[in-house]
Structure formats: structure tokens, C-alpha cells
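One chain, subunit A, links the two complexes that follow: it is found with subunit B in the first and with subunit C in the second.
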Partner chain A sequence: MKPAPFAYERPRDLNAALSMLAASNGSAKIIAGGQSLGPMLNLRLVQPELIVDISGLAELKRAEVSGSELVLGALVTHADIEDGRTADVTRGAMRGVAANIAYRAVRNRGTIGGSLSHADPAADWISALAALGARVTLRSLAGARTLAIEAFIVGALESALRAGEIVEAVHVPARSASGHWGYAKSCRKTGEFAHALGAVLIDPAAASARVVIGAIDTAPIVVTDAAALFGGRITADYKQRFDAGAANALLAKAGIGDAAQRHIHVSVLKRAVQEASA
Partner chain B sequence: MTTIALQVNRRAVELPAEPRTSLADFVRDKLDLTGTHLGCEHGVCGACTVLLDGVPARSCITYAAACEGADVTTIEGLDEDEITTELRAAFTREHALQCGYCTPGMLVSARDLVLRLPVADERRIRVGLSGNLCRCTGYVGIVRAVQSVIEARRARNVAPQSDGGRTVLGPAGSGRAATARNEVRPARHAPAPASEGATPSSIPDFIPATMLDQRFTLPHPPAKVFAMFEDIAGIAACLPGVSLKSPPRPERVEGSIRVRLGPIAASFEGAARVERDSATLSGRIVGIGTDQRSHSATQGEIRYRLLPLEGGAATAVELSIGYTLTGMLAQVGRPGLVRDLAKRLVAEFAANLDRHMSGASSGQAAPAELSFRSIASDVLRARLAQIFRRAFGRGGAE
Partner chain C sequence: MQENAALRNEREFPHGKAGQGVGARLPRKEDDRLMRGRGQYVGDVRLAGLQDVAFVRSPLAHARIHGIHVPECHRGSVFTAADLVGIKPIRAVSGLPGFKISEQPVLATGKVRQVGELVAMCLAPTRAEAEDIASSVTLDLEELPAVYDMLKAREPGSALVHEHWGDNVFLETNYEVDISAALDAPIKVTREISTARQCMSPLEGRGVVATFDRRLDQLTLHSAAQMPHITRSGLAECLGMEEGQIRVISPDVGGGFGHKGILLPEEVCLSWLTMRCGHPVRWLEDRREHLVASSNCREHHYKITVYADRDGGLRGIDCEATVDSGAYSSYPFSACLEAAQVASILPGPYKMPAYRCRTFSVATNKCPILPYRGVARTGVCFALELMLDLVAAEAGLEPGEVRLRNLVRPEQMPFDNITRKHFDSGDYPEAMRRALAAIDIDAIRARQKQGETDGRRIGVGVSIYCEQAAHGTSVYSGWGIPMVPGHEQASARLTPDGGLELRVGVHSHGQGMETTLAQVAHEILGVDVANIRIVLGDTAMTPYSTGTWGSRSMVMAGGAVATACRELGERARRIGAKLLQHDPASVVLQNGEVRGVNGSVSLKAIAHTWYRRPQDLPPDVDPGGLEVTQGYKPLRDSGTFSYAAHAAIVAVDPDIGEVEILDYVIVEDGGVLVNPLVVDGQIYGGLAQGIGTVLYEEMPFDASGQPLATTLADYLLPGPTEVPAARLDHMETPSPYTQFGVKGIGEGGAIAPPAAIANAVNDALRPLGVELMQSPITPHRIVAAVLAARAAERSAA
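For the complex of A and B:
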């Protein structure tokens, strides 16, 4: 249970980190809080030659509201969000998600950027942020690009990150005053990885809905215009109009062949819808 | 070895340690502070929980090197701590421990709850302690102990501190290192290539531990596809990550396959044999291989069956993939993630095969690593999406 030996570098700034990553030719791994990579290193599932520790980089520890969106640096931790040390433009949605990630000791070190980079399908942020319509900025020595979360997550443990690129910041749009938020997950044990996860952002006033079905062993199902899940249109009585059959069909189409698994996912999504309407 | 300077229990410490040394091993082995216990060593059991810059953290998955300049408090440093003193008395009174192995981590987490929770809510205490496993007590005594300390303190008008006293952003323990000590160290040399002896002499039959079914279609008649499947070198070139060591014969194909799942990468070197039955347009590939780096071994089997589609103009390829994994990599207890990987690989294989059979120049001139990223051209991405829909849109892929 000890990691294989690795070399260790603590770059002084983001550019130095990117240079180290570029020079490593794929043999380096970035570490931030280490709450996902640490276990994999200890189990020797991952044996990088070089670990580049970015956890000290002040430029990634920012949280500021810019226009109508919140910009969070990659090193903001789950506990930072849970405790309200960062501004909140989601009217409590992100605080609620953060407070239920793993355990407090993990939340004190685990970062939002690290969680996204790791792209575990059962993790919270990839689904929650997709439902909130967030975007992620990736940086390499060649420059920066910004992707929607749903375009960033490609599959199980697969993100759109290219060699030499790291997650720099997350951009979260403000949740409108009429936007209802619902988030539910099913874990066999509190704090463990979810087996099913539903996240919804429904705005009856704007007749819009974003729905995410996560923890499906691959990239989450992100429905940016979810009217079809509510009988064709989003109205104030969307809770009654939720169409479990349509959600089931969506899961079947995504390759979830087991009817019992689909039932669990649909039930959890229904809970999220109920929470939003409560 | 790197020199690591930090504060442990209010004492400045400066000691050499390998970068891979966890904070738990650092305090236990170098400072003899053995009150910090190691249970699972991968962040699940909570026995190693310590205070890092005043808040709880897992010392088994936090490397000492990452705590340069940080303020570490182990259970030994909480002797005089007011909350912990009250908790010790409550643990004794409520019989909140038996063997005591989880207790140091439990006390650190309990102290954090006493500090932060406004009231002694049982549910919140249980959730708050869910990251600390105790196999003796059943938690009843522990929960009562924590409840009683919270109640007593709130009765004395000691206000809760919901953020645990932390005021800065970023991972606990980070950001306090003195800057500009980046001497460039040479990276470790890659392990030597596998020895000649890595290739097994026989390829036994086996019963797979894990089975998964996949299906894809090709716009070519079954007979043509079956003939293509006889060309082992051609098929190998279409299989993502596969490279052959020598000219293949059906009874023995030697080579390697590189697989990557997120940060996990392996290269299995070994041998396979190929069987086919022209009467039923079906066949089987059985292989065995080892990954030197992770000391893991695998046995794998792919059974295929070709079925005519569209009146024989196209072919459905039905695959039944079975494998058994032993060693380090077998610890990945998430079969769903492996299924997702298999889906992506089969889609990639199908795309390569179609291209190869359509006579297009092979984009797989050099065997690519098994990575979705390696084939991320937009054209191919669109094409894969199409194949995904065709192959897996029927709900039968799991």
C-alpha cells in the first residue's frame, strides 16, 4: 500500500507547472488535493515518474464574481464551497452539493478542479456543474480554451484534457430567481461513490429545464432542453408532468441494459425533480 | 530524498523523506508519533485522520512533501486541547471504544464536529462520522459521547464555528512552502522492457471472472468480414493498442496490448491463439499476458459471431468478451468503468475495421495507445458517434 517511487516538483507558478507538464512527455501527473490520485498511487494503479504538485499555486485559489458568473480557481476545495468561503451565485445549490461529497477530511483537501480532471462518472461535480450550465477553462503553454462541462467529460475517467493541459478555472452562471434546483444521489454508504445521481435546474417562468442523469459508468446524460421529460413543455406543475417512461427510454438509449439499474436511476432523478418543486 | 520542513504538534521539524512518503508514515516512522493509525491506506477508513492547518485531513493520502510549511496536529498534540479533553472523558463514560484502533482518527473527526455543529443532532453526527470506520462499538457509544460534549458546550454558551476556523481557500496544508526551491531532479528511468521470458509458453483455456457483450455492424457482407478476420495481422492493426512481436500464426500470436483507463495505464505482453469455424461464421481468440510495471496478469477471450443484416449486404458482429485480471490492477473494483472502456475500444475497433475493409488508407499505421484521445480528430469523432448509435442504441449492450 505504498506508492511506487516518483520524483516530486512544486512549481512556483502556473507557467512553471505547465512547462514541467509539457517537458514530461506524458510521464507526469498533476496533483492538487490528492484525494482521488492519492488512493490510486497507494494502490499502485498509477505509477507516474513525476508528480507536479500545484496545490500551492495562489493563482488557482481564487473565487470571484465576474458579471453574472462565478469564477472558481481549480484549487478551490469542496469545504471552501460548503462553508461559504467562496461567493455563491447558485443560491445554495453548490453549497448543498459540496457538503455531501465524501467526508469532511476529504473535502478539506479535495478540489473542484481535481474532481473534474479525474472525470469519475460517479463524482458529484461533473453532474452538478453540467446541470448548472457551467464551463471549464483549460490551460496549456499554447493558451486557454473553454468548454461546457458536458463537452469536457468524454467517458469513464476520460476528459477532454490534452497532454500538457490542466483545468484552470470553473465558470458557474448565476441561477435565476425563478430557477428551481434539485439534486439527489444514491450511495450504498454515506460518502461513498454514488450508484445513481440526478441533478435538475428547472425554470418554469422561462419554460426551460436542464436535466442530468449521472453515475452511469460513463459520461453523464446531459439534457439541455429537457421539455420531453415533462410531457413536451415546462410549466409550473412540472412535478406532476415528469415522465418516468421518457427518462427510462433515455437510459436505455445510453446503453443501460439492466431494467433494475434504469429503475434506480429514474427513481433518483424523480427525487431530484421533487426536491426542485418543493 | 527531499528535506521536508513543517510543524508537528507545535514543534518545528525538518527531516529528509522520499516524496512518496505519506504524512502518516512521516509522523509515525520519523517522529515516533505512532498514535496516528493506518488502516486502509487509501482514504476510506479514517484511522489516520489528523489536523492539517487546524482542520481534519487524511494523512495516508496526503504526502508529507505536500505539507511543506504546514501545521500538523496528531492525536499526541491534542493532550491539552480543551475539546479533546472533554471528548476523552465522554468516550470513557459512554464506552465509545473497545480495541481503540479507530479512536485517534475518531477523536480528530469528533473534535471537528464538536467545533462545527450548532446542535447535537444525531443524524448530522452520524453522517459526520461516516468517514471513520469502527468495527467494535456499533457507533452507539461514540455518537452519545459526541452528543454529550456538544450539548455541554452549547449549554455553557460556547458558540459553534461552522467553518472550523479556516479562512483561506485551497487544500488544507497547502501554500505555506517557501517558494523557489525547484531544483530540477532527473525523472526516474522507465522500467526495463519485459524480458524474453515474459511470453508464456502455453495458452490455457480458462473461465472468465468478468463477461461483457458488445455488438457492432459493418457495411460489408458476412463472408467478406469473415475472410478479413482470417488476416490476423490486419485485424491486429485495427485493434487499438495492439502490436505484434512476430509474424502471427493462428495457433500462436505473440505481441502486446496497451490499455489506458484514465490515469491507469498498462501494457500486457503475451500470446494468443485464434480459432475459427467457417460453418457458423464464428470464432474465438484466447490470450494470456502480463504487465511488468503493475505486476498484473490477465487472461482474456473474445468470441465472435457474424450475422447477416440487410439481406446479407451488411454484418452484425456479436462479441462476447471475457477476462480475468490478477495482481495490482485487479484492485479496480469498478467493473462498470471497464465496461465503458470496452465500449469505447470496440467502437474504435469497428471504425478501424470499416476503414480498413473499405480500402481507406489506414490511420493506424503505428499502433496507437488505447486512448479515445489518440483518435480525437473531429471527422472520426463524428463517425464514432454514428457507430455508437448504430451499435449500442438497441439497449442490448450491457
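For the complex of A and C:
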């Protein structure tokens, strides 16, 4: 299990990196923490001509609060968030998610931008950040654009990134004082990818709810207005009003034909709802 | 200066036996090296001019080879079967009547019969470059229907793995003791039970470094192997060389479990290659090769009926067992050891008047099956112990009660069971009673009545097994496989400065033999274990042995070391008597010195005399001196029987399918334990593997014979957080047949956990009408069964 030959560059600034990507005509891969790309290279599942190592780009390591949102550079690691080295506007929600990503060794090197770019359906950030209402900034030599996470993740291992484009930063809105956060996942064992994942941000005061069902075979199901999952409206007793049948129907509509799989997903989502209300 | 090991033992383990001899909880000598990362494994062997090998492996499970195309630029670096002139295929024949022979070409010829089968060998200065070459080789394959399901493979009309057989059955066996006597039993329970195909997953994979020494006219093969002498015999057969022309060195080995107990086609290939190329060559198994290409284990299917009386008394068992043996018969254990063993070990420690078992070893387009820690015992324990819980449910009894009613009793020892297995000693009911008490079965039943506040369900499960170990000539001669263990030998030699060297043909790959064999020698000679060196894993330096398998090494090599040390001690005693100017009859060997009424002389002084001052020796001194090779067999070679009762409490979430092990108890009897600390380690490790079997590990195949768990993200192994801190309790019933009364215990930890945990899960879910009879018990299988039970209840209502 050794990678096929590739060229390697470690640019010093973002513009240099973007130029390399532009020049490569899509035959380059970006490496940051390497926690997913490393094994894929070794298994020869990907055989890029060029690896652009962006781990030296200081401008992607910034983390700052700007207005009411948190802007995290793509190179912020899971451990940075877990350990509280970055600011937090989610009242601990992101810290809790980060602390349960894979194993500590993975969290030490794995980055939030890398996780989003890889777009593994079972990964944590693509679901958690969608529930939190985050957006992602993509940059290329041609300029920058910003997408909601749910628009950025298109399918399994498939994002909206175009050739020559890189995830630059993640913008996380502040969680309101009345916003209830619930996050649950089921993994076969500690540190393993989840096979079911539920993330909810419910604000009874604002009568709003965002619900995400992740770790399915394709992009997570993101329900930005989830009233239908709670009998048509979001109220303080949303836990009792959670409609497992409606969630089941969503999963069936998403093409999950196996009843036991759907039942596990719905049960995990229910656990997230219970956590939010606790 | 090193701290005296005995002092450290007494300080750290005040409850073990004092000193350094048999029974002391001595920390392992080898850990000073292994735990500091200073072990020397095959991957650490560095030889000048070494080049790496990567193999082109079959991407298909079953196909005819029409062509192997090597790009012009790589000709000379790629070798196929056509190059291996004179190399014979691997043949592991069993002498059991009806056994069909498979020939495993070391590089495929004609057909490929499994994904991962070796097709071509690519040589380059580095592994990465060798893999580049391998990826440039293209195969022209005509895909054939794959034989991927062992039950379908038995049906007429199935595709054939070996066409000339006419079917896919390596071997069918039948065993019966008057099953008709059981048929009128009031309780009759029938089920199908199965265990998944697994990969053994030692930390270190296989690995080979081969080189040829022209001065010695000798091929030297460094290989991560449990049985170096057997590897040498197999190599000599395939290569057509004299055994003396081959030296097999197995350095530090990072776990074996059976995976390193076979002759590999890679070993034959690299041996040929180094002789062809004239420089050392290396191949190291990577994890993907381990998962998909090398060897699997455990895939059993049982169709089983248990007959019992209303009071739970067993009347008989009727079973048809099928084992998926894969494409080829592995050297030396053969393709039928696993299935045919099922028939003889299924009844285990239970009494019954009637029994019938039919077994099938089935060939499929999968990699060969090997005996994995516990061998067939894990499967039969799973099958029988799950069935006994169903008998208990039918009879309205506690599962523990049914066991106690049927287990062989201590006053019946030694006991020959219905398949004529000879149980040497033990108190099985006591182990079960202690386990039931420790797990507090009454408290669990009370808690179950109350229910849980978190929606989960609590269950308790028990299981018990026996582990036949160190079985010898009388058992294996009947199998007619390439290897039959006879006397086990050890060499013991005092060095001129009074140290002791021991040479044994078994190997140590986690068992701590460098410590435990030293303890045995210390028990006899009194030499400090710090001054005892164990030499193993090298055919040039150790006596012949079938190696380490079947939990035999402590019994056999330990017995041989004791025997050799006794003879060595006797010779030293006679020299000592002369030095003390005593009558030899009046002196004794004690605590490392020869003592007489007027003084003593140390072994060190005696060794000094033999080597450096022979003028002081008695005139009638044994000219063999202070170097002894002796052989050993137990008084009976039908095997020692160790056993344990396991009890588990689990919490099951019926909606998500998660299983948490809340408590785990093991009551074990391995006879006299040479080092209880090492035994505890063996049990904990076995438990982890048993948990893997029942909750995590599975190598699935699709209908084209493709293995689907190709990385450790798909093939799940339990980690530290999945293995509970089990509570251990030891009993000690010495074997009447062995040195010190020891018994083999290497595999037991892995045998009982799947049954105990599955029984606990079923106990938790039984009120819901759920029954799981298949390992591993995954969240999906639990939830699917719960939903099916709910649907059945609705349609009944």
C-alpha cells in the first residue's frame, strides 16, 4: 500500500497555492491534515499528478469572531476547536462535536476545511455545520464565493468545489440564547465513522428548527424549516411532538429502502431531539 | 544494575507465589525490549542489497487466465508461474478417508480461485516502485461463476472450485452414537446458527526476507512464523531442496493466533527469487493483503437439534456442520481440521447418551481458512451454548441450572465423553457456580423486573467450554496431515560463567515464553531468571518442533525444559560432590548450588570447573558435560483440558441496536499456572478477540466472490473502549499427566465470549420475541430482528 508517484509542492501563501491549482488543470489534490487523503493515496484510490500541501498557509489558520459570526480558517484542526483554542459562538456545540470526531490522533491533524472538502457523508462537520446554519467561502484565482453548507455538499464524497477552488473559511452564525442544540450519532465503536447521525438546532422562542439527518449513503438530509417533523410548528414541548413517522418518510424519500436502517436513523435523531430538550 | 526480579515480583504482586519459579507472577523479561519498541521483527531485518517484492494478485474470485502482459520496460523484474520451473505446488493432504486434494500453485497457473491469489511477482529497489510495476501488469482473465456461499456450494449444479473433484467438498465426516435413543425426548429445539468469516489481524502481518548464503550453500528465510521447523519442511518439499540447505529464522513475532502457522506461497516465491537473483529479497504483508488475500477463519454454519428432558437433562445432540474452507488446503493443518474437529468437540464438557454429527469442509472461491485461536471451539461453543439457553427457556429453568445439570462432575474425573475425549481433571460445575455468584444472577433478575429508565434492556448470559491443549501423537496421527507432534525437545546449557541457555523449537509471539520457560528452569536449577536466556525461532539453533499452536508450548516445551534441566542438574550435582569431596549420594542441588553436610558449591563454580578447570573434574564425569538435550511427552498425550465459565451482563438499545457490556466475569481453571500474570494477559487478549467475533468482525463477500471489508474502516476490530475490565477468578486443578500439573490455556479466552455475550443479548431481547443466532451481532441485525418481531406480534394480534 504505497502511493503512485506524485509531485509535491508546499506553497507559502494562498495565491501561490491557487496558482498551482489553476496550472494543474484538475490533476492536483490539496492536502492539509491528510487524515482521509493519506489512506486514499496509499490505497491508490486517487493518483494525482501533484499534491499541494497547504499546511504552511498562515492565512488559513485564523479564527476570529466577526460581527455575530465566527470565521474559521480551513486549516483550523478539530483539536483546536475541542481544546477551546478557537473562539466559540455556538455555546459549546462545536466543541462537543469536535471532541467526538474519530480519535485524538486524527483530531490533532485533521482540519475543518479538509473534512468539508472530502465530503464524507458519515463525517461530523458536514452535518453539524449544516444544522448550525454555517456557510463556507470558496476561493480561486477568479475570486471568492460563499455557499451554505447544504449547498456545498452535493453527494457522497462530492462537493461544489470546482477545479482550482479551495475551501478558505467557514462562517458559523452565533447560536441564540434560546437555541437548543442536540447532536447524536451511533458508531459501531469509539472513533469509528457514524452509521447514523442526527443534529438539531431548535429555537422554540423563534419557532424555528433546523434538523439534519447524516451518515446516509449520500449528502445529509438538511431540513432548514423542520416544523413538519414536530406536528407543523415548533413549540416548547417539541420533544413530545417529534414525529418519528415524518422522519421515517423523509428517509424513505431519500432512497433508504432498508427499514432497520431507517429505524436506526430515526431513533438517533430522536436522541438528538431529546438532548436538545434536556 | 537490574533489580532482582523476585523482589520486584513480591513488591508488585504480593498475592502471587514468592520467588521466580513456577507460580510466580513475574513481569515478563521480554517486555523490556518489546515495550520500548526495541523488538526485532522481520520488517526490521536489514541486509545489504535487499530489494522489495510486490505481487500482482487476482482481482477476481474465479477466472481462467488467458494471458499476463508485462510492459516491455519491466521484463526481467516480473516473474510468473512460467518462470518457476521445478517448483511444486503446496499440497496439504489429510489421511482422513475421502479427503480430496487441492494443489495450490505458488503463482497461479490456469485458473485463479480467490481474490488476491498470487499471479506475478514484481521486484524493485523499494516497495513503492515494486507496486508501480505491479500496477503496470495487465491480466487477461475470463471470469467464471464464483462459489461464494458454502451451503449453495454443496448443492448439485454449483460451479466448481476444483473441476476434477466433481463437487466442492474437501471432506465429509459422520459420527454417531445411537441418536435414535434421543428422538422421543419431550424437549426438542432446532435452529440454524452461523459465525461470520473473520481475519485474524495480528498487529504484525506476515513478512518474508529471503537470502542465500553461498558459503553455507544455504537458503535463509526470515519469516514471521509460529512454526519455523514446519515451514522448513514445507519449503524443502516445494523447492526440491534438502532440509539442511534451508534455515528458517523467525525473529520477534507480533502476534500469531494461527495466521502465522502455515506455509505461505509468498515464502516459496521469495525463496526461489533470491536464488534466482542472487541478492536478498523482501515482502511484507500489508493490511489490505491481510484482509482480502491471505487467510480467513471461523466461517461455520450449524443446523442443530438438541434433545432434552423436562428437567433440562440432555438426551442428545444432532448436528450438521458446514465450514467454508476456502479455495485451498493450507500446509500443514489441511482444509478439514476445522470442520472435522467440530464433530469431536461439539459435546464439550456435557454428559449425554446420544449424539450424531455430520460435517462438511467446503471449498469456495475465498482465501483458505486457517485455525484461529480457539480453532473450531469458538464456533461449537457458540452453537451449543446458544442452544442450551433455548433448552432452558423451554424447560422454564435458569440457563445456569441447565449447565449444572449436565456438566461432568468432579468425582467422574478422569472422564471420557461421548466422543471419547479424555478429560484429565477439573470441577466444571464449581466454575459455573462461581461465575453465577460473581455476576449475581439474582440481582440481575430483580433489576430486569424493574426495567431501565433509559429504554435499554438488560440481559445476562453464561457459557462454559473446555480447551483440549497440547494433544499429541495419539490424537494427530489419525488426521494424517503433514505434521504429527511427537516428543518435544529442549536443550539446556550452562555457560562457563554460570548462566543458562535454553533452546526450544516452539516460538513466542506474545505468550511470554522467554519468561515462563526461564521460570521452569529456575524451579529446577535455581538459576536467577535474569541469567537465563531463551533461544527460539531459528531452525539452525533449536531442536526440531512442530512449533507453537494448539496451546501446547507451556505443557510441551515447559515439560522438555524441566526434563533437560533435571538431567543438567544431576550432572552438576555429581561434579559438585567431587568439588566438595563428598559422596554423590550425600549432596543435593538446591537454590542454584550443590549442598553437602560440610558446605556448598555454586552452579557457577561447577560450570567454571567443567569449562575452565577440567583437571578438577571427577574421573567418571559424564562426558556430555553441562549441555543436555532431552525429549518430553506427558504421561498421556491425549491433551490437557483447561476450561472456564464466562458470564456477561449487557445493556441493549433495541431501537439503535447498540450493545454495552456492563460486567464480565471469567472463572478459569488452567491447572497449575507457571505465571498467573501471563495467564491473565492471555485471557484479556482472548476476551478482546471473542468480543470481536460476537460484536464486530465480519468479512462479507458479494455474489462474485469479492471480499467487501477491504480496510480497517470496514473490518472492525474492538479497541480498548470496547473491551470491559473483566473480573477474573482462578481455580487450580492440576493435570495428572504433565510436569507441575500445568495445562494449556493459550486459546481459552477467545472461545467463550461470543456465546456468553450472545446469550446475554438474547436474554435482554427475549421478552420482545427476538432471537439472534448469527455472529457478529450488529446494530443492524438487532434492529432488523426487533422490527420483525414487532411485525409478527402485530400480525398475530
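We take it that the second predicted complex is superposed on the first by the 278 of 278 C-alpha atoms of A that agree within 3 Å, B and C clash if a C-alpha of one lies under 4 Å from a C-alpha of the other, contacts with A are read in each partner's own complex, and residues count from 1 in each chain.
Rule of thumb we're sticking to: a contact is a pair of C-beta atoms (placed from the backbone, for glycine too) under 8 Å apart; a residue touches a chain by one contact, two chains touch by 3 or more.
Note that the coordinates shown come from a computational prediction; the quantities given were computed from them, not determined experimentally.
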item	value
Which of subunit B and subunit C A:157 touches, first, second, both or neither	first
Which superposed partner A:63 touches (first subunit B, second subunit C, both, neither)	first
Contacts of A:43 with subunit B and subunit C, given as first, second, both or neither	both
Greater residue coverage of subunit A in the superposed arrangement, subunit B or subunit C	B
Subunit B versus subunit C as contact partner of A:189, first or second or both or neither	both
Partner chain in contact with A:145 - subunit B first, subunit C second, else both or neither	neither
A:2 touches, of subunit B and subunit C: first, second, both or neither?	both
Partner chain in contact with A:80 - subunit B first, subunit C second, else both or neither	first
Which of subunit B and subunit C A:91 touches, first, second, both or neither	neither
Which superposed partner A:233 touches (first subunit B, second subunit C, both, neither)	neither
Overlap of the subunit B and subunit C footprints on subunit A, listed as residue numbers	1-5, 39, 43-44, 189-191, 258
Sites on subunit B touched by subunit A in the complex	2, 18-20, 22, 25, 41-44, 46, 49, 52, 55-58, 60-63, 65-66, 68, 109, 112, 126-128, 130-132, 162-164, 166-177, 179-182, 184-188, 190, 261-265, 293-294, 328-329, 331-332, 334, 336-337, 339-341, 343-344, 372-373, 392-393, 395-398
Complex contacts: residues of subunit A adjacent to subunit B	1-12, 16, 24, 27-29, 31-35, 37-51, 53, 55-56, 58, 60-63, 73, 75-77, 79-80, 83-86, 102-106, 108-111, 118-121, 154-158, 162, 189-191, 217-218, 252-253, 255-258
Complex interface listing, subunit A residues touching subunit C	1-5, 39, 43-44, 186, 188-193, 195-196, 258-261, 263-264, 267-268, 270-271
Complex interface listing, subunit C residues touching subunit A	126-128, 131-132, 135, 286-288, 653, 655-658, 696, 711, 713, 716, 718-719, 721-722, 778-780, 783-784, 787
